Amino acid sequence: MHLILFFIFAALCLAGAVNLLLQTHPINSALSLIVVMTSLAVLYLLLGAEFLAAAQVIVYAGAVMVLFTFVIMLLNAGREERTLGSRAARVVGFPAVAAFLALLATVLLKAHGLGRAAMQEGVTSTDDLSAVLFTKLLLPFEVTSVLILIAILGAVALTRHGDGERSASK
Amino acid sequence: MLSAILFSLGVIGFLIKRNLITVFMSIELMLNAVNLSFVTFAHQWHAVKGQIFVFFVMMVAAAEAAVGLAIIIAVFRARATLAVDRIDLMKL
Amino acid sequence: MNPGDMLRILPEIVLTLTGVLIMLADASLPANAPRRALGWVAALGTTLALWASLWQLSLPAGTAFYSTVETSPFTVFFHVLICGIVLVVLLLSLDSLPAESHNQGEYYALVVLGAVGMCLLTSGIELLVIFIALEISSIATYVLACYRKESGRSPEAAIKYFLLGSFATGFLLYGIALAFGATGTTQIYELSRLLPTAQNHTMVLAAMALMVVGILFKVSAAPFHVWTPDVYEGAPSPVVALMSTAPKAATFALLLRVVYEIFPTLRSSWAPLLWCVAVLSMTVGNVAALRQQNVKRMLAYSSIAHAGYLLAAFAGLGPSGIAAASFYTAAYAAMNVGIFAVVTMVGGYDDQRSMIADYRGLIYRAPLLGGLLIFFLTSLVGIPFTAGFFGKFYAFSAAVGGNAIWLALIGLLNSGLAAAYYLRLAFVTVQPAPDTESFAKVATPTVGVAVAAALLFTVGATLVLGIIPTQALQAAETGAHTLQVPANDENPAYITEGTQQPRGNRDGIE
Amino acid sequence: MTYLNESILTVILLAPLAGAALIAILPDRGKLPAWIGLLTTLVTLGLTLHLPAHFVLSQHGFQFETSRLWIENPAIYYHVGVDGLSLWLVVLAGLLAPIGIVASWNAIHQRRKIFYALFLVQQTAMLGVFLSLDLMLYYGFWELSLVPMAILIAMYGRKDGSKAALKFFLFTFIPSAPLLVAILWLYANTGTFNFADLQILIASGGLPAGPLCWVAIAFLFAFAVKVPVFPLHGWLADTFSEAPVALAMVVAGKLGLYSMLRFHVGLFPVQARALAPWLVALAVIGLLYGACLALVQRDFWRLLAFAALSHLSLITLGIYGLTFTGWDGAIYQILNHGVVDGSLFLLLGILEARYGTSQIACYGGLAAKVPQTATLFVITSLAMIGLPMLNGFVGEFLILSSTFTGVNRGWAVAATVGVILGAAYMLWLVQRLFYGPQSPLAADKPASDLRLGELLILWPLVALMLGMGVAPSIWLPTIENRTGPPTLKGSITLPQPSLSLAASGEGQQ
Amino acid sequence: MNDSLHLWLIPLFPFAGFLLNGVLGSRLPKWLVTTIALLTPLWSFAIVLSAARGLLGFGATLPSLPFVETCPVGWIDAGALHIGFSFVLDQLSLVMLLVVTGVGLLIHIYSVGYMAHEDGYWRFFSYMNLFMFFMTVLVLAGNALVMFIGWEGVGLASYLLIGFYFQKNSAADAGKKAFIVNRIGDFGFLIGIFLLLANFGTLTFSEIAAKLAAAPAWQGGVLTVIALCLLVGATGKSAQLPLYVWLPDAMEGPTPVSALIHAATMVTAGVYMIARTHAIFDRSPFALGIVAIVGAATALFAATIGLVQNDIKRVLAYSTISQLGYMFLACGVAAYSAAIFHLMTHAFFKALLFLAAGSVIHALGGEQDLRKMGGLRKKIPVTFWTMTAAVFAIAGFFPFAGFFSKDAILYAAFLQGPGGKIFWFAGVVTALLTSFYMFRLWYLTFLGESRSHDVHPHESPWSMLAPLSILALLSIGGGWIGMGRFGTFLAPVVGTSASESGSTQLEILLSIVAVAVALLGWLIADRLYRQRPESAGNLAAAMPAGYKLLINKYFVDEIYGYTVVKPLLAISQYVLEWVVDVAILGGATWLLAGTAQFAGAILQRWQSGNLRSYAAWLTLGAAVVLLFFLLPATLGMHVSGMGR
C-alpha cells in the first residue's frame, strides 16, 4: 500500500517538477511547484513525518507559494522572453548536471534501502519533535528569529525604499 | 534517489529557465529535494533531528523567499525585465 | 539551560540587542530625522560585542546549549576579527552613506544582525546552527548588496548573488543531509566521532564534497568564483568592504571546522582538492585581474586570488595550517577593508569614479587617500612589514611545512604576477593628472572623523600585523590548537590551555 | 662606547626612517624636504663611519651584533651585524645617499616631500639588506627596497615611468618568490633563519642534497636578476633611462652582488661551486655583451646601463671565480662601482638638468662651456675604465688576475677584452659629449658649470677614486676580515705555482 | 748620497706640478704657471743628474746598482697577492731617466714659447707634467704592475695631449684612437702580467729574473706566450705593426707633444719594456724572432709610407715608427743595448726634428703642408741649421748620432745567423728610404722657392731656439759616447751581445754600406726635388697604383675600419641589440606578459555576466569535486581512515 502510494506520489512529484521546467509562463510553473510540494508532503507522511507534512503544506504550499504568485501578479510577469541564452549553460551545464546526477545516484543507490519506500514503523510524534526542538535545539530556534527579523527588515527596506525613491524622483 | 532527481531537476531549472522567478522556484525545488532526503534519513536513523532540520529549512526558505522576491521586485523596478539573460550589465 | 550558557553567546546577544535597538529606534524616529546617530549606536554595540568576545577568553573553553555552540580561543579569534571588520565598515558607512538616505537605520541594523550570523557561524558546532547562521549572514548581505538600487547594477549584483548563493546553499545543504544520512547526527563532534566508523563510505565522501562545494562558493574560490566580480562591482563599496571580508572570514572558519574537525581522517582526500582549488583560484584571480579597468572588479579578482593563497595554508599540517589560515584571514581582512575604505572614499557611494583611469593623480588631489591606497596595495602585493606579507609568509610557510613546496612556489609566483595589476593602480595614482576639464572638476574626497578612525584602524592593523604579529599569531595558534582537539564537555583537554591564552591580543586582531 | 657599539646598527637603520618621518610631517615648502634629507643622510653617513672606526681587525666574525627575538614562532630575530664583507658596503650606502640628494637637488622640482621621504625609506631598506643576519629580516628589507624605488620611478619617469617601474618591479619581485620558498624550505628543515646557524647546518650536510641544490638555485636566481646577470638584465636599461638619478645610482648591483656573496656563496658553497662555471660563463658573456651594446647606444642613460651590466658582470665573475682574491676584488669593485657610478650619474644628471636631453647626439663640444664638468667626467670615466692609480683598476686587476690564475684562463682573457671595449665606449661618450665642435644645443643654451654644492660632493668623490686607487690597503684588510663559508675557508687560495709546475707547460691552458 | 737619494721624488715633482697647474692653473698668472711647469721637471732632472754624476764616477760614490726603493705600505695586498710600489734605479732606468727628464725638460722650455698664445696654457703644462710623472714611474718601475701604472698613465697623458685642441673633431678622434689602440696593446700586457703572476707568483722584475736564473733549463713554452703577450703591449705603445695606426693621427696634438711623447719618450716605452723583461725574451728564440720580424717589417713598411706624405709632421711620424722598428729589430736580435742606444740618439734627433718642424710651423702660422713651404732657409736660419743636423743624424751620416746607433743595430742584425741577413737587408733598405724622405722633407721645406706667398715667416723666440740648439748639439755629438762604452755600461742589466765586442772589419764594412746607402737616398732626393722638381710628380704618375697605395697608407685604417670597427658596431647594433636584446630577450619578456594578458582575456570571456552560465560553471565545479572525491573511492584506490 505504502509502496504504491509512494510511487504514485513520487511520479506526481517528478511530473510536477518536469512540468515546472517545461512551462513558459511563471504562473504555471508556480502551480506545478505546488503540485510538487504537496506530493512531497504526502511522501513525508509516508515517511512518518506528519508534522512536517503539515508544515510543508502550510508553509510551503501555502505561504511561500502564495508569495510567489503574488509577486508574479504584482510584476505582471508574462511569458518568458525568447532570449539568446547562454551557450555555456548548455554546453557545460547539462553534461555537468548529468555527471552530478549520476554520481549522486551512485552514492544514494549504494546506501541500501534508502531510496525505496520505507517501512511505516515509528511515526515521529509532534511531541517528540517539539521536545527536542525546545531543549536541545533551542539555540537554533532562537537564532531563527534573527533570521526572520533580517528577512523582514530586508524585504521592507528593499521595497519601501523603492517606493520612496520613486515618489521622490517623480 | 528521488531526491537526487529532484535536486538535479532543480539545477536544470536554474540553467534553462529564463525568468528570474522561475529560476528562484527551481531553487525551491532543490531545497525540497534536500528536505526529502533529510526526512528519509531521519526515518532511517529514527532521528528527530532530521525532521527538525527540515523544519528549519522551510523557515529559511520562507525567509529567502521574502528577501529574494523583494530583490526581484527591485530588479524589476530598476530594469523592467525579469529575463535572466538581460541581467548582464556587468561582465568581463 | 543555565545562565552560563548565555555568556557563551554574549557577543551575539549584544549584537542582536543592538540590532533590535536600532531597528526600533529607526521605526520610532520621525521619517525625516537624521539617522546618522544610529550608526554610532551600531558602532558602539559592535565595540561592546568585541569586548565581550575578548572577555570570553576568561571563560574556560567549552560548549553551551546542548553542544550547539562553543567558546574557545578559536571562536574568539574570529569573533574579534568579525566584530573588528564590522566596526570599521560601520565607521566607513557613517561617512560614506548619503545623508539623505531614508533607510540608514535598516542598513545599520542589517549590518549588525548580519554580524550575529557571522559570529555564530564561527562558534556553531551544530550544523543546524551553522546553516542558519550562514543564512543570516547571507541574507543580510544579499539585502545590503541591493542597497543602492536606484542604479541598475546594485540589484543585478544582489540578484546574482542571491540566486547563486541560494543555489550553492542547496549544495551545502545536500551535503549536510548526506552527512546526516551517513551518521544520523549533525553535531560536529559527534560527526567526527562517528564518521570514521560510518558504513557508507561513498556517502561520507559525497557529503564532504557537497559541503566543501557550498563553502568554496562562499569564499569565492575558483571555479566557484564566477559571481564575485559582478557582485563586487555592483554592490555599494562599503558593503563590498564588509562582504569581501567578514562573511569570508566566517566561512573560512567554517571550512577549517569542516575539514579539520569533521573530516580530519579524510585529509588525503581533501588536501589535494584544496591544493588544486588554491592553485586554480590564485591563477584565475590574478590572471583575470590583469586586464580589469574597474578598480572594484579588479579587487574582486584579487580577493579570489587571496582566497587561493589562504587555501594554500590548508596544505599545512594540523595546527600550523589552521593558524596560518586564521592569521591570513585577519591580515587579508585588515588590508582589504582598508583598501575598500579608500575605494569608497575615492569612488563615492555611487561609484562615480571607479575606473582605474579615474585614479590618475590621486595622490596629489588627496595625498592621504592616495598614500593609503598605495600602502594597502603594497600590503596586498605582500611587501614585508605589512600584514599582507606576513599573511602570505605564514600561509606558504605552512604549505612548505606540509611539503607542498610546489604550491608555495606557484602561490608566490602568482603573487608576483599580482604585483603587476596592483602596481598598475598604484602607479596610476602617482602619475600627474592631465589638466583636462574632467579632472579639474573632480572634487577632492573629504575624509570625516569616522572614516579617519576606520582608516587609522585598518592601517594600524595592517602595520601591526606586519611588524609585530607575534600576539596575533599566538592567538591564531592557540585557536588552532583548540580546534584540533575534538572538544566536548566530558573531555575538555584543551581548557587549561585556553585559559592561559594571553589577553589583550586585540591590538593584533582587527 | 660599548653601548653605542651595540646599538649603532639599529641607530643607522632608524636614522633615515626618522628623517623620512620628519619630512612626512613637515610641510612641503620650498627646499625644506631636501635640506632635511641632506641633513639626515649626512648624519647617517657619519654614523656609518663609526663602523670602520671601531671595527676590530683582529676579531673574526660579525661585529656590532644585535640580536633580539622578533617573532617567536616561526623564530625570526632582529639580528644585525657587520663583517668585512658588509662593513664598507654600509658606508657606501651611507655615502651614496647624500650624493643622491645632491643629484636631486635641482632635478626634482615638485612633490619634493614624497620624493625625499621615499628616498630615505629606500636607504633604510638598503642598509637593512646589508646588515641583516636573519634570513627573514633580510628578505623583508630586500623586498621593501623595491617599493619606494618603483613608486619613485613611476612618479618621476622621464617618458613612461610607470611602465619602467612595473618592469623593474616585476623583474625583481617575481624571482624573489622562489627565494622565499627556498627560505621557507630551509626553515622547515632546520628550524632557524639565523645566518650563522644555517651556515653550519648546511655545511654539516644534514640536509638532503637534491632539494638543497634547488634552494641554492632559487637564491641565485633572485640575486642574479637583481644584479643583473646576463640574460636577466631586461629591466636595467629601462630603469636607468627612466629612474631619477638619485635612485638609478643605487638600483643596480650592490644588493644583488652582496647577497650573492653572503647568502649564495656563503650559505651554499658546495652548490655554488657546482654552479660557478655557468656563472663565470654568463658573467663573461654579460661583460662583453654589455660593453658591445654600450658602444651603440644613443641615449647616455642606456649607455650607462649597459656599461653597468658589463661592470657588474665583472664583479660576478670575481664572486664566482670562488677565490679569496677574487672576492676581495669583487667587494672592492662593488665599492668602486658605487663611487664611480655615483659620480657619473651625478654628472650626467647635471647635464640632463641643464640641457634637457639625454640623447648623446644633441651634445658636443661642451668642454669649452663647462670645463669643470668635463674634467670631472673625464676623471670618472678613467676610473671606470680602470686606469691604474684610480680605483677601478685595483678591483679589476684583482678579479681578472684571480680569474686568470685561479679559475680559467680562457674566460679571463675574454673578460680582459672588456677592458678594451670599456675604454672604447667611455671615451667615445666623452668625445661625443664634450669634444668636437659645439652642437647647436650646446651653443644656444646658456648653461652654468658646476655649482658649489655639486663641486663639494664631486671633488671628494674624485679624491676617493684616487685614494682607493693608490691606497687600497686602507680598505682591503677590513674586507678580508669577513666570515667566509666554512667549507671554503682556506681551501681556495691563489695557487703558488712552483717553477717546475709552470715549466711543465701548465700555462698552456 | 745614499740617504739623500729618493727615487720617489723624481716622479713626485712633476706630479706636484700637474696638481698645482691642473687645479689652480686657470686662476694663476701665466708666469707662475710657467715657473711651476718648468721647475718641476727641472728638479727631477737635477735629481737624476746627481744620481748619474755619482754613478759615472764624477762625484760622491753611489751605492751599487740596482738601487731599489720600496714603499713600506703595499699597494695591493689581497689574499696571496702582494704588490707594492717599488722603484728601481739601475743603468737601464738611469739612461731612460736622463733621456726622459732631459729631453722632457728641453721640450718644456720649448713649449713656453710655442704655446705662449694658446688658450689652455695651464692645461697644456699640467698635462705635460702629468706625462712626465707617469713616464718616470714607468721607467723607475720595479715591478710589472707599477710599470703598468706608468704605461697606462702615459697613454692617458698622450690621450689628453693629442686631444688638446678638443674642439677639433679630428684631434678628439685621434686622442680616442690612440687610447683605444693602446688599450689593445695593454690588453696583451695585462695578460702577460697575469701569466707572470700565474707562473712566477710575483711581478717584481728582479725576482722574475732570479727565478729564471734558477731554472736554466726553462725555455720556450709558457715563456714564449708571456713574451708574445708583452710584445703585443709593446707594439701598442711603440706603434709597431699592426698597432701603429694611432701614431700618425696623434700628430693632431701640439707639436711639442709630438716631440716629447710621440717621438722621444713614450713611444719608446715598448722598447724599454722589452729590454726590462729581456730575461723572458732571451728564453724564447721564437718570441725574439717575432720581435725582430715585427721590427724589421715595421721599419720598412713605415718608411715606404713616409716617402709620399705631404704633412711635415706625418712624415716625421712615419719616420718615428720606422725608427722604432729599428729598435725592435735590435731587441729581436737580443742587442738590447743597441736598442737603448738608438732609443737615446733617436730621442735627440727626433725631438729635434719635431721641434724644428714645430718652429717651421710656428713660423708659417700653422701651415703643415710641405707643398706649401719652401725657401725657408734664409728666413729662419737657426731652425734650418738645427734641422739639418737632425736630418743628417737620422739619415745616419757619420759622425752624427744616428750613424752610431743605427750602425750598431744593423751590425747586430747581420750577425744574427742567416735570418739576420734578411733583417740587415731590410734595415739597409729602410735606411735608404729614410734618407730619401728626410731629404725630401728638407728640400721641400727649406730650399727652393717659397710656394706660399701670403705668409711672412719669422724666426721663433729664444725659448724655442735654445732647446733646438742643445738638441742639435746632442744629435751631432750624442753618438760619440760610442756603442762599446754604452754596451758595457748597460751590460749589468741587459747583458752583452755579440755585436758589442768592439769594432771589427765587418762592422766597418757594414757602416760604409750604410752610409753609402744614405748618400744614395740623399742623391735621389736631390735629383727629384732640387734639380728636377717636376719629376717627382711624374714618378707618381708613372706608378699610379703604387702611389695611391702609399699615399693612402696601404689603406690600413680603412681595412681596420671594415674588418674590426664596423663589424663590431654592426654586430653590436644589429645582432646583439636588435636580435638578442630586443627580439629574443625582450621578446621572451613580452611573450610572458602577453601570455598572461591573453589568459586574462580568455578569462574575461569566461566572465560573461550571464547568470545561467555562471550556474553552469558552478555545477560543473560541483560535479568535478564530487568526482574528485568519489572516483578514487569507487575505483577502490582510496586509502583513508575509513573503517578503522
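Order of writing sets the labels: A, B, C, D and E. Residues in every chain begin at 1.
Just so we're on the same page, a contact is a pair of C-beta atoms (placed from the backbone, for glycine too) under 8 Å apart; a residue touches a chain by one contact, two chains touch by 3 or more.
Note that the coordinates shown come from a computational prediction; the quantities given were computed from them, not determined experimentally.
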- prompt: Which other chains touch chain A while also touching chain C?
  reply: B, E
Message: So using the touch definition from the top, which pair is joined by more C-beta contacts, C-E or D-E?
response: D-E
Query: Quick one: most central chain, C-alpha centroids?
result: D
- line: Top of the farthest list for chain E, CA-centroid basis, is A
Field: chain B and chain D: spacing of chain centres that average the CA atoms, whole Å
entry: 64
- prompt: Where the CA atoms of chain B average out and where those of chain C average out, how many Å apart are those spots?
  reply: 25
Field: Centre distance in Å when chain A and chain B are each reduced to the mean of their C-alpha atoms
entry: 6
- prompt: Just how far, in Å, is the C-alpha centre of chain E from the one of chain A?
  reply: 100
Message: I need the residues of chain A touching at least two other chains; which ones are they?
response: 85-86, 89-90, 93, 97, 100, 103-104, 106-108, 114, 137, 140, 144, 147, 150-151, 154, 158, 162
Field: Sites on chain B at which at least two other chains make contact
entry: 7, 10-11, 14-16, 23-24, 40-42, 44, 49, 52, 56, 60, 63-64, 67, 70-72, 74, 77, 84-85, 87, 89-91
- prompt: Of all the residues in chain D, which ones touch at least 2 other chains?
  reply: none
Message: Touching residues of chain C toward chain A in the complex: what are they?
response: 1, 9, 16, 19-20, 23, 64-66, 68-69, 102-103, 106-107, 109-110, 113-114, 116-117, 120, 126, 128-129, 132-133, 135-136, 139-140, 142-143, 146-147, 149-150, 178, 181, 200, 202-203, 205-206
Task: Would you mind writing out the residues of chain A in touch with chain E in their complex?
output: 85-93, 95-97, 99-100, 103-104, 106-107
Statement: In the complex, chain C touches chain E at residues 159-160, 163-164, 167-168, 171, 196-198, 201-202, 204-206, 208-210, 212-213, 216-217, 223-224, 226-227, 229-230, 265-266, 268-270, 272-273, 276, 284, 287-291, 417, 420
- line: chain E residues touching chain C in their complex are 596-597, 599-601, 603-604, 606-607, 609, 611, 614-615, 617-618, 620-622, 624-626, 628-630, 632-634, 638-644
- prompt: Which chain E residues qualify as touching chain D in the complex?
  reply: 26, 73-81, 145, 148-149, 151-153, 156, 159, 163, 166-169, 171-173, 175-176, 179-180, 183-184, 186-187, 190-191, 193-195, 197-201, 211, 214-215, 217-218, 221-222, 225-226, 568-569, 571-573, 576-577, 580-581, 585-586, 589
